[in-house]
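Labels run A, B, C and D following the written order; every chain starts at residue 1.
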Amino acid sequence: MSSSSGTATRRPSQMFRNLNAKIASIPMILTALCVFLGGTVWTIVYSFTNSKLLPRLKFVGLDQYERLWSAPRWLTSIENLFVYGILSLIFSLVIGFLLAAMLDQKIRFEGVFRTIFLYPFALSFVVTGLTWQWILNPDFGVQHLVRSAGWESFTFNPLYDQQIVIYGILIAALWQGTGLIMCLMLAGLRGIDEDIWKAARVDGIPMWKTYLFIVIPMMRPVFITTLVIIASGIVRLYDLVVAQTSGGPGGASEVPAKYVYDYMFLAQNLGQGFAASTMMLLSVAIIVVPWAYLEFGGRKRG
Amino acid sequence: MADVQTLNTVAVGIDPVADRLSGPQGARPKRVLSRRNIFLYGTLIFVAAYYLVPLYVMIVTSLKGMPEIRLGNIFSPPVEITFEPWVKAWATACTGLNCDGLSRGFWNSVRITVPSVIFSIAVASVNGYALANWRFKGANTFFTILIVGAFIPYQVMIYPIVILLREIGLYGTLWGLVIVHSIFGMPILTLLFRNYFTSVPEELFKAARVDGAGFWAIYFKIMLPMALPIFVVAIILQITGIWNDFLFGVIYTKPDTYPMTVQLNNIVNSVQGVKEYNVNMAATILTGLVPLLVYFVSGKLFVRGIAAGAVKG
Amino acid sequence: MKSFKLFLASASALAFSSMAGATDLEVTHWWTSGGEAAAVAEFAKAFEATGNKWIDGAIAGGGSTARPVMVSRITGGSPMGATQFNTGRQAEELVEAGLMRDFTDLAEKEHWKDVIRPASLLEGCTVDGKVYCVPVNIHSWQWLWLSNKAFEDAGVPVPTNWDEFVAAGPALEKAGKIPLAIGGQSWQTTGTFNVLIPAIAGKDVFLKVYQDHDAEVAAGPEIAKVFKAADDARRMSAKSNVQDWNQATNLVITGQAGGQIMGDWAQGEFQVAGQVAGEDYTCLPGLGVNELISTGGDSFYFPKLDDPDKTAAQEVLASTMLSPATQVSFNLKKGSVPVRGDVDVSAANDCMKKGLEILAKGDIIPDTNQLNTEDTNNQLNDLFVEFFKTPALTPEEAQKRYAAIIASAD
Amino acid sequence: MTSVSIRDLSLKFGALEVLKSLSIDIEDGEFLVLLGPSGCGKSTLLNCIAGLLDISGGQIFIKGRNVTWEEPKDRGIGMVFQSYALYPQMTVKGNLSFGLKTARVPRDEIARKVARTAEVLQIEPLLDRKPSQLSGGQRQRVAIGRALVRDVDVFLFDEPLSNLDAKLRAELRVEIKRLHQKLRNTMIYVTHDQIEALTLADRIAVMRSGAIQQLDTPHEIYNRPVNLYVAGFMGSPGMNFISGEIDGGDSPAFRFAGQSIDLSTYPASAPIKSGPGIFGIRPEHIVSGDAASVEPYQATVEIDVVEPMGADTLVWAMLDGSEFRFRVDGQTGMRVGDHVRIGFDPARASVFDTATELRL
């Protein structure tokens, strides 16, 4: 041993600790910084310009935002997203959980039912939209069927009625998405210790109470994953609307993501599209960033 | 006694050990024809019908001729079954001057999906592993940005990515599209893998370090073989997501490399006179066939994989 | 042909293998309906006759789906060989950004200035005195297409102008017909309104509003009359549950609807369906009130490319598209009017002949695509799609919003 | 010669100081036990020695080499974990040879070493099984084998027996002791079980909230705990404590509730001063019945609870308001309510200053 026990080695540079882990994370770091953060900053900067077809740095202050908030279509879009978002969140969670709870009752043909509930998730929103547009078409879909069965005054044409068109979209969205939610919930239920059920039975607690007060609180991580999936889907709602109604009738089913796309690419008014993007990013940031930071930012484990 | 027998019959077919994760654990049943069971199965069958109707309508419509569609309602079974719409959708439907249906798009989709799935999962699994086990300084900040990124609508990012791909010279290439899919798959997949690797006992990781294994040795020899269930989930999610993608497919490729979904859109929207609903439906089913098959074949693995770690916290 | 030969020479000097032979040239467009596809085929045929290969890049779903793709690809550095845009301001910025190819030499050599009429078409392609695109056809919006069968069924004579048509509305409805077919796509509702302006209020008002962007006129009594007419149109089209323009046209073809306000491209659909003008259907230019037509249309732009073979092929394609033979065969299928005044159009049907006459008389207005930016058009689309589908939105209220859009237009 | 030497080691997580400037020197071949309740930092310290946690300050030497910033694999250590941490997808043989393979040891040498280790631990029949096919005891044996096979200087054990049932725990405990006697490697062993500590250790370091309370032989720690904490933690059942007053001076005594215990024979480290104090005596140092009559201090107590434990019986009683336990023979006939004479020698007791909690 040449190095006597008295010598002190200096703390090596932090740069090279876990060097391999850092190298392996380069794609993630680049994506986070260049795409998500960089793209966001870029979008925000250009939202203050009057860029038309191509991005140009001619600043016009808040003009784009003033126009955005006075556009009836944008207001409709926000309102639609709000209604759709709340209903979609509630129904996805409730239906997903109820289906999972029913499948968890030691039933026969569980696999068959599970596959039936899950298969729509394999289909794209475009396919979902087309199919439901077809089923909800008043001239040959459900309304036609009921009317030809004798109930002449029956009216069910959500895609052609401005007041309820957003519910027509919701029906299709739930059809497509609840299977995955059910799957997540089912996985969560299977992760519950069986002793809990024994304890509840011994204590004579009714089943619904056990679910509500014991099981659901224990499934917090599942609900968080589910929430991320549902919520990110809500903000991104676009394909389904385009495939089902193209925003119609009369712009009654417009959504913010479509506003962004249309103004960026159809109207060739990038500035306006970026302003709408910024508003979306802002609302996402207000809701998601504090939560994500609490959930993932702190030093957990250990 | 009757109760016990019922229980036994119900338990048949469920291997209590092997299927621990996928086997039922809820409250146990009492009698097959109890009021509760009638309610349970009744509800399940009713809901299943709601989920099946669109598939039924798609299949039935695709087997009808156009005159029959115009007359009958969409729910009635075909009087005369014809496979012509399927042939047309696959091989002869026209978009502009190209009259080769979806057939070309199928192979394009395969060519896009395979490398995208492999690449995006490779990157995300390494990310998740690094985040769960190596936690270098700042890692959580990047991860938080990534999770917030999961909420950014794709439309918002189209333009920055066009510029990005142009700058690195990959616009319009297959690799450009692979990168785009990897970027947008990264948040959810990384979350999935991170959660899974976090649920692996940390001592295992420590033991491997004491044994002299480095970052990659631990990943390939210890973590990877243990993570198969979550890989199945990731593969299923990515195959469906990428196969079904339309937006990136149309914007970041060229006509001769258009994926199936873009061709589906072309067929469905190329209205020549009247809408050929039967052809549209056949094309729709054909396009959805690959992800559907994936689900039908591996649905059980999917649930098991999710249970194995995706939902832990 | 000099520059073309120059290109050929340099290309073959660079590589023997890449002779002028079959150069693939990708052409993107959104012509996917029956009549449109048949017309595109004429271009492709003529181009392939020159020994090159036409790679068809059709994107279905109309300009609104296709244009983002085209713009992204051009700005993303992966341009196609040639691409369609509407004649007008859609590609203005791409030209300004130097992404498009300058065809001034070819235009001078082939005397485009002399053969293309009206001159406004080539002006639309000209930026700073240089020619950047090739107009291929003239489309006019101002047509009312009527189904003779529908009126026969309703027991009323086929109208000869807008007012008679409105008067016949109740009779059509009684016979279970949709009086006026309008597709759900927003550009169709805006188009309908823009056709009503010159018909109801006259050419001057149209130009004041769209050329000068005079908000006072837009808020004035003349436009109020137009909104009244639009209100009639809204009532008559209430039951029209279709999305695409050609589905709406199909309602007219099959006699389910009385009429449709649509551009002359609808003629292609009648033709594909084997219908004869005057017998099966009737066309009223300028809604039968004020016989004038707009001179919009389609143009092809050619992005700058690095490959010398493709650059040469671009030139061949541009030249081919404007050649007299192609102009005739293409436009007959498309239902549009050739941009050349020196071609033989005796094969044209009645409706097209009417259009040619009006054109010859010079009763023309520019197309809104030439006057407005896409931004303004899109705002108008938002307004009119809402107006036509929302009975609760009064004409007065809509006119207020209309005037505001015009005021902010540039 | 010192085998492992820790100098001023400290570790902070943000503002939280987990390890507070620890210094320990461990002799070659010594068996050191880190003992303490959960959360005292003993496992953290072990992880620092292993290099699995980056420390905030101080240095670590192994075999005279400064390894403070070396990778775990370069420190010449082997480690055994509480949850065994066997690689589930590898066979026992795979588990044993993984580290050697990583270090690129020649294949025949790996085979030789694995065979030898398997022989030492008597796990030869298990070599081709997967961990999921093994019992808990077998798994832990494999885990020990994994550390053993690498021929290292220092073994680190992180609560290796906590997941086993009582019987297996006792068996493996002896086995580890035997292993140590045979190999004479340096071993550092973390546990919260004082029986394990007392039976295995050459020296024990009792830890509390990141600091070492006492580092000494098991005998010293058991008999002469430096403070109230160590006294209370060591021994089962725990030491009896009585609060009262200390009388200093020439004939020192401990007074409580009218009673007085003579401390003149107490081996104090310094002259005893007056003041509030705590008197501690282990249950096993109290005798009862006739034997009590020879002890310097005697008292009569009423029996509260009797806990027969087989070999002996634990008796709970009240001594003038203080709860009191003592150990008697398993065959005793004592009953609840009986009045019994007890006695002990204050020289075997420990007396603490109430304020500083330090032993006098």
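Keep this in mind: a residue touches a chain if its C-beta (ideal position, glycine included) is under 8 Å from a C-beta of that chain, and two chains touch if they have at least 3 such contacts.
Listed by chain with UniProt protein names: A = Carbohydrate ABC transporter membrane protein 1 (CUT1 family); B = Carbohydrate ABC transporter membrane protein 2 (CUT1 family); C = Probable sugar-binding periplasmic protein; D = Carbohydrate ABC transporter ATP-binding protein (CUT1 family).
The structure presented is a predicted model; accordingly, all values stated were derived computationally and were not measured.
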Maximum distance between Cα centroids and subunit D occurs for chain C
Among the chains in this structure, which pair is joined by the largest number of C-beta pairs in contact? A-B
Suppose each chain is reduced to the average of its Cα coordinates; what separation in Å results between subunit C and subunit D? 90
Chain-centre distance (mean CA atoms) for subunit B and subunit C, in whole Å, is 41
For subunit A and subunit D, what's the span in angstrom between their mean Cα positions? 53
Whole-Å distance, C-alpha centre of subunit A to that of subunit B, is 15
Give the residues of subunit A touching no fewer than two other chains, as numbers and ranges. 17, 261, 264-265, 299
Two or more partner chains touched - positions in subunit D: none
Residues of subunit B engaged with two or more neighbouring chains: 158, 163, 265, 268
Report the residues of subunit C in contact with subunit B in the complex, numbered from low to high. 26, 28-29, 31-34, 37, 40-41, 44, 54-62, 65, 68-69, 72-73, 75-78, 80, 244, 246-247, 250, 269, 272-273
Counting only contacts in the complex, subunit D reaches subunit B at residues 47, 50-52, 71-73, 77-79, 81-89, 98-99, 102-103, 143, 146-147, 150, 158
So in the complex, which bits of subunit A are touching subunit B? 14, 17-18, 20-22, 24-25, 27-29, 31-40, 42-43, 55, 99, 101-108, 110-111, 113-128, 130-132, 134-135, 140-141, 144-145, 148, 175, 179, 183-184, 186-192, 194, 197, 201, 207, 210, 220-222, 224-225, 228-229, 231-232, 235-236, 238-239, 256-258, 260-261, 264-265, 270, 277, 280-281, 284-285, 288-289, 292-293, 295-299, 301
Would you pull the subunit B residues touching subunit C in the complex into a rising list? 94-98, 158, 162-163, 165-166, 169, 171-173, 250-252, 254-256, 265-275
Applying the document's contact rule, which stretches of subunit B touch subunit A when the two form their complex? 10-11, 21-29, 40-41, 43-44, 47-48, 50-55, 57-58, 61, 69, 73-75, 123, 126-127, 129-131, 134, 136-137, 139-161, 163-164, 182-183, 186, 188, 190-191, 195, 198, 202, 214-216, 240, 243-247, 261, 264-265, 268, 277, 280-281, 284, 287-288, 291-292, 294-296, 299-300, 302-303, 306-307, 310-313
